Each structure stands twice: as structure tokens, then as C-alpha cells.
Amino acid sequence: MRAYLAYLRGAVLVGMVYRLGFIFIVLGNVLYMIIAYFLWRSIYGGSASIHGLTFDQALLYVALGSTVFILLKTYADWGMAQEIRDGTVAVFLTKPIDYQFYTFFTNLGFPLTSLITVVAPTVILLVFVFRIHFAFGAGYFFFPVSLLLAFIISFHLDYLVGLSGFYTESIWGISITKEIIVSVLSGMLLPLQFFPAAIQQVLAWLPFQAMYFTPLMMVTKPDQGVGVYLAMLGVQIAWACVTFLLCRLVYGQAIKVLRVAGG
Amino acid sequence: MLSLGEYLRLYFYIEAQYIKAQMQYRADFFISSIGMFFSSLATLSIFVVLFNSIPNLAGWSLMEMVFIYAFYMVAISPMQILFDNIWWIRFHVQSGSFLKYYFRPMNMLFYYMSERFDIKGLTQLAVGIILLVYSSIQLKIEWSAAKLLLMPVAVFSASLVLIAIAVMAGSSAFWLVNSYPVLALSWRLREFAPYPLTIFDGIFRFVFTFILPIGFIAFYPAQFFLRPADISPLVYLTPVIGILLFALMYRVWTLGVNSYSGTGS
Amino acid sequence: MTLIHLQELSKHFKILNRHEGLKGAFRDLFSTDFRTVRAVDGISFDIESGEIVGYIGPNGAGKSTTIKMMTGILKPTGGTLLVNGHSPYENRIHQAMIMGVVFGQRTQLWWDLPVIESFKILREVYKIEKKMFDAHLAMFDDLVGLKALFSQQVRTLSLGQRMLCDITASFLHNPQVVFLDEPTIGLDVSIKAKIRSVILELNRTRNTTIILTTHDLGDVQALCRRIIIIDKGKILYDGEIGKVTKLFGAYRTLKLQINDYSDATLAALREGLNGQFGVGCGTTIAQTEEFWTDVTVDQARTRLSDVLGYVMSNLSVADVRIVEISMEDVVRRVYDGALQ
């Protein structure tokens, strides 16, 4: 375990060296929130609520969605593809380290630092500039746990995409397809309540909403019963396990196909 | 020293060879094209879903949004296809392999960009053109000779805007260690180009028109064809903005190139 | 005629002072604490047309910085620099027509394209006449059998083949000066020999000036008549290669892994060698790598086999290696006045 924490510390340090990078990420998020504000103001026109969401709730949802996107964004898939392409992956096969855990902890570094540098300004903006009314409730306490689970599920998906690097060089196509599918079907861009009922039914059976919709709703509607949130967490845990198993399985297969560069 | 004609001829030659070499990797071509196809339709699908719940967006109908979106896809294609190498600039700059671009008697921007030709961008271009035709039929747009002639001009000017933004963002690699967020930011920016600028109030409309001019990538030029009756004079500014921005971008690139010293001693 | 002229040339860099640890890294985010590094500190020399000059020095000496200034990448901080009568930095595209550059590890050819296509592109870029182009390709084919590689993609070539192609590419347009940076690194002996003979032939037939930066002393001995040694931004030596080859030819280093190693062992060994061979025997001892003790022998004064014999019979040695003197060692000795 200590070895993995060492990797994490390394990743955090590396993240801090890139000083100006942070400013741009924050800027990007601020920009997105401004655009989202106007866009949703237009969408709501004069309506008080659409599909059970008020303007404040919808804006909070979308702004947080973008922030969560930043927190969940690892480049695990690209990093893995590179390690496979230049052969460094072979190094890990010789060490007493689990490749999946190593990748997980290495990619946890940047999101952790982003927690402070990106989330804080976002919240400040939402509260003081946009004057969003935050309802308060039990949902807030479940949110951090939910976020962590969302990260785990997201990581597993990235990991699976990265594993495809064992089979093909075309990681871009696979990565972008996954990203598109996730951003549309997870409720990241648009709250799922806006989708036709039939589609919502289907989406309930997919892991994507556990990455965005579930944690976001905890903050958007924080005053539902504790039981509701526990159930949501339960679904997330289930998906975290399922995706975890999937990763182990595919990894087992992928290793057999290992073709390492160099010689 | 090469003349413009010679540069063009050289470019065609290099890219023809490059495409020939790339076509050998058929699997990659297909997978990438599929990815590109999905990527093209993502925002559009969100629009369609959204319009289930609202009648129009700031006065724009779904089909008008589709037209703007299609225009947007066509306008970003030159950037996607011809200037793709900008995504690798951080890698080249940090590993020192960027130095090789200094050694040939060629314009460095030309040399750098000619090394990559993004074939999958053609998928996006195709989808854009198809949607453009489809939506203009649905909207019953009347295509006068003037409009037909001005369409390529509009697209060209709009494409210059995105190219300028992206290359300027990429040029930050010459000064910043972690320049990727800058490029990523500029990419996020352009995602809002298909949205109608009328949703913004005064100051922000100003910002997105003159400071971060994403309005000129699709919204303003598209208006000429959608609502020629009530366009603001801004629409005619598109080519000017495009050229000015491109000139600015070239200045920034040159500054970056001159300040780069490579890695090592 | 003087092709390259340097007078009091300098290049200074400003580097951020970084601090350790998490707290330090956080502070660095807002720091404005810079220091000036004098990569090149007032150097002067002239290079005539047709010379083959070895430009050597340890890592961090300022070699690459000087080359980057000569090739127009970096703007000098002070002093004069003229290549073919012009300042390289102000005239990059113009200068590029008379220059060739080979990078060592990194190819300048188009990675995905067949070799011949890269050459054809260069022909367009440098506006090489068909006659000269064909003549050059024929010449390289004669020298190293290059035609066999023409249709292969650059990415499929071995390092040695790629190097030959890169060198060909750098001479295609008949440049006045060619900069070769580590041209034989990582290559086996037979390819090295081929490359060296190609370079010599080109210099002989076309009078191309060649500036060679390398860590490989074999390259230097085979090719250069003149050597310029740079260290810490200053010129240490500029002159005939003869004097310097005496330094490398004469020295061999015995690398020993001594069992039960301690500081006392080193001292005892030093005393013992002095006692056995005399104090002026020119043998030095150093600990440069962990677990390895270097005993460098001046073969002009003491026989290597004698020293080896002494060491083996008086110490418990786990492993032995015999190596040529390194570039770093040569520079250190020049610095300590070995050429006086």
C-alpha cells in the first residue's frame, strides 16, 4: 500500500509544478458556467420549472456537472496506451505491483489537487456571483462518497479503454466514442429528466448515470430522504464492483496478447 | 525560399504521400471515422432531446439550430484536417524534437502542419455538408447566386477564426510546461460556437464577439443565410475578423518559435 | 575563407530556482526567484571552409547551446556570430539553404514515408537540380548501397540505416557546412566505420565544412584534425588533435569491484601503487560509481598489465573491467592542465 501512496504523492507533486495550467482549467470552467447560465436562462424563458427542476437547480446541476467532469478526467487511457506503445508496461509486469492499482493511484493525483484549485472557485462563483439558492440537506453528506464512487467507475471505464491499447493502435477512436457516450448518456450535459421516459428506463440499466446523474442529483435535490441516497449509493457500489470485475477479466485476456515494442 | 505556388504544390505532394502511407492502416481508419461520426452528432443529439421540452431557443427553431450546427462542422473541418499537428506541439516542444523544424529553408508553421493530415476529419466534413443541405431544404432557404458564392467565403473566414484560436492556444507550449489546459480550453470554447449568441446579454455578447470571437465561427456567418433580413452589420465583419485573427496568431507563433531553445544544454 | 566566425559570443538563460517538498512546490507557484545561467560565456574561434572540427565537452558544457546559435535557433545574448557572413538568427530560412544538420537520435526524415519520398520532398524544398540530385544519390549508393533502402518506410529502418539516410539527406543540397550531433551513437562498429568513411569522402570531394559534436572519441580520432573543447561555457582548448589524442590513447581505466571496500582500502591502495611504481607513475584512483573503483593508468609511464597484476594480488577483487578513458575524464585532465 505504501508503494501506491508513493506514486500518488509523486503525481501530486508533478501536478503542482505546472503552475499556470491550473489557472486555465479554472478559467475554462468559469467560462462554461457563464455560457451555461445564459443558455439555461434562455431555455427556461419564463417557466418556473421544467421536468421538476427549477432554473436554480438546473444551473447548479450543469455547473457542477462540468466541475465533476474535470475531477473525473484522468488521462489514464492515453497514459496506458503510451506505456503499451513504448514498452514500459513490461516493466510493471516484472514488479510486485498490480498494474490496475498503480494506474489508479497515479491518476488520482491530478483530480485530488483539482479538488482545491477548481472546485473552490466554482462554488464561490455559484454562490456569490450567480446567487444560486442552495437548498441544504442530507444529500450533501452523501455527495463526497458518491463522488468517490463515481471516480472509481469512471476510472474503470478509462482503464478498459486503455486496455484496448493491447489490441489496437487506434485508441483515439475508442476513447472519443466512450467519452461521447458517457457525456450524453450519463446526464453530464443535460439532466436525465429531459430525456424521453423510454430512454430514461434504458439508461437506468447502464453504468453511466452512476458517474454523473447520481452524485449531481444529491446536491441538486439534497432534501430527499436518507433512504433515497443510500439506495443511490448502493447502485453506485454495485456498478463499481461490476466494472472492477470487468477490468480484471479484460486485463487477464489483454495480457496474453501483449506485444511489446523494442528489441 | 519557396513561392506560394511552390508551397502549395509541395503541400499536395507531401499529403498525397502521407495519405498513401496512412491508408495501409485500414482498421485505424475505420475506428477513427466511427469515433469522429459519434463525436459530430453528440451535441446535435442533445439539441434534439432538448427541443422536446422547449419550443425554441431564444427564438431559434430546431432546424435553424441544425443549420448553424452543420455550418459549424464544415467551418471547423479545415482546422481539424490541416492543423491537427498542433495537438502534438507540447510533446514536440518538451522532447526537443521540435528543433528539427528550424533546419529546413521552409516556413516553420507550414512545415509543422504539413506533417499531419487528419483523414478522419473528412467524416466530420461530410456529415456537416449533408446536414447543411438537409437543413437548408427543410428551412426552404432560397439559394441566390450571391448566397452560393458567399458560402465558401463565409466558411473560409469562419475556419480562419478557429485555426487562429487553436494555434494561439497551442503556441502556449513554448512558454508553459503544462500547456495542454490552454489548448483544451480553446477546444471547450469552440464547443459553444453552435449556440445562438442572442442568449447573451450586452457585455457577454461583446466578449464572445470581440474578445473570444467564437461567434464568428458559426453563428454570425450562418445568419447571412438564415435570416438575411435582420442581420447585424457584424455578419459582414466575418472575413475581416478571420484574417486579423490569423495574422495575430502568426505573430504569436513566431514569438514562440523565436523564444524556444530546446531541451538540454 | 572563414566560414564561421565567433567573437566573445555569449548566451545567458534565466532559470527558476525550485524548492523541495510539497510546501516548496506550492511556493514555487508564485515565485519570482530566478538565477542566471551562463551557458556560453564569451567564446571566440574561427572555422575555415573545408575543416572538420570536433566540438567536444561534457554534458552541460554549452556545446548544444553554441550549435543552436550557429544554426539560428537561439539568439545570442552578446558577442558576434557570423556564418557565411550572415547572422544566423536573423536569416534562418536563408541560412538553412547552405546548412545541413544531423541530429543523432532523432531523424529529420518523414517517419511514415518511404526513404526516397523524403529525398524527393527535400529536392523540392532546397530546389536541387535534377543532375546534382541524381549524382548525389548515385554517390551514396556507391559508398553504402543506399538504393536498397529507398522504398522502405523510415519507421522500419534500423538505427544505423536511418543514420545513413539522415546523413545522405543532410548532404543532398550540397551545403557549405554540416553539423553532426552524435552521428554514431548507439551504432555497431561496422556501421560506425561506414559512416566515418562517408563523412570523410564528402569532405574530401565537396570541401564541406563539418562541425562534429560527439562523446565518441573514436569519431573524433577518425575524422577531426582540429578539436575545440568547451566546458562550463568557456573554451578550454582549441587546436590540433594530436595533443589531445595523446590524452586518450595513452590512458586506460581499470574498473574494480573491491570486496570489503572502505576508505582505508583506497588509501592503502594509493600508498601501495606509489610504493610499487613510484609516485610519478601517473596512476590515479577515484570512486566515480557506487561499488566501482576506477584506477586510471597512464600507459606512457606504467604498464597496464603491471598495475592489474599488482591489484589482483593485493586486493580481493570481485569484478574487473577495462575501459577507454571517457570524455569527462579527458576534459577534467585538460582542465587540470594536462595539455600545458
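Just a few scattered comments:
In this document, chain identifiers A, B and C correspond to the written order of the chains, with residue numbering beginning at 1 in each.
Simple rule for what comes next: a contact is a pair of C-beta atoms (placed from the backbone, for glycine too) under 8 Å apart; a residue touches a chain by one contact, two chains touch by 3 or more.
What you see is a predicted model; the values in this text were computed from it and never measured.
A comparison of C-alpha centroids places B closest to the centre of the full protein. Chain centres here are C-alpha means, and the one lying farthest from chain B is C. Distance from the chain B centre to the chain C centre is 44 Å, each centre being the mean of its Cα atoms. Separation between the centroids of chain A and chain B, computed from CA atoms only, is 27 Å. Taking each chain's centre as the average of its CA atoms, chain A and chain C sit 48 Å apart. Annotation for chain A: residues 17, 22 touch two or more other chains. Across the complex, chain C is touched by residues 1-2, 6, 9-10, 13-14, 17-18, 21-22, 96-97, 99-100, 102-107, 115, 258, 260-262, 264-265 of chain B. The touching residues of chain B, counted against chain A in their complex, run 25, 27-28, 31-36, 38-39, 42, 45-46, 49-50, 52-54, 57-58, 120, 176-182, 184-185, 188-189, 192, 195, 199-201, 204, 212. Taken together, the chain A residues at the contact with chain B in this complex read 17-18, 20-22, 24-25, 27-28, 31-32, 34-35, 38-39, 41-43, 45, 50-51, 168-170, 172-177, 180-181, 183-184, 189-190, 194-196.
Of all the residues in chain C, the ones that touch chain B in their complex are 13, 39, 59-65, 68, 71-75, 92-94, 96-97, 99, 101, 103, 106, 108, 110, 112-113, 117, 120-122, 124-126, 153.
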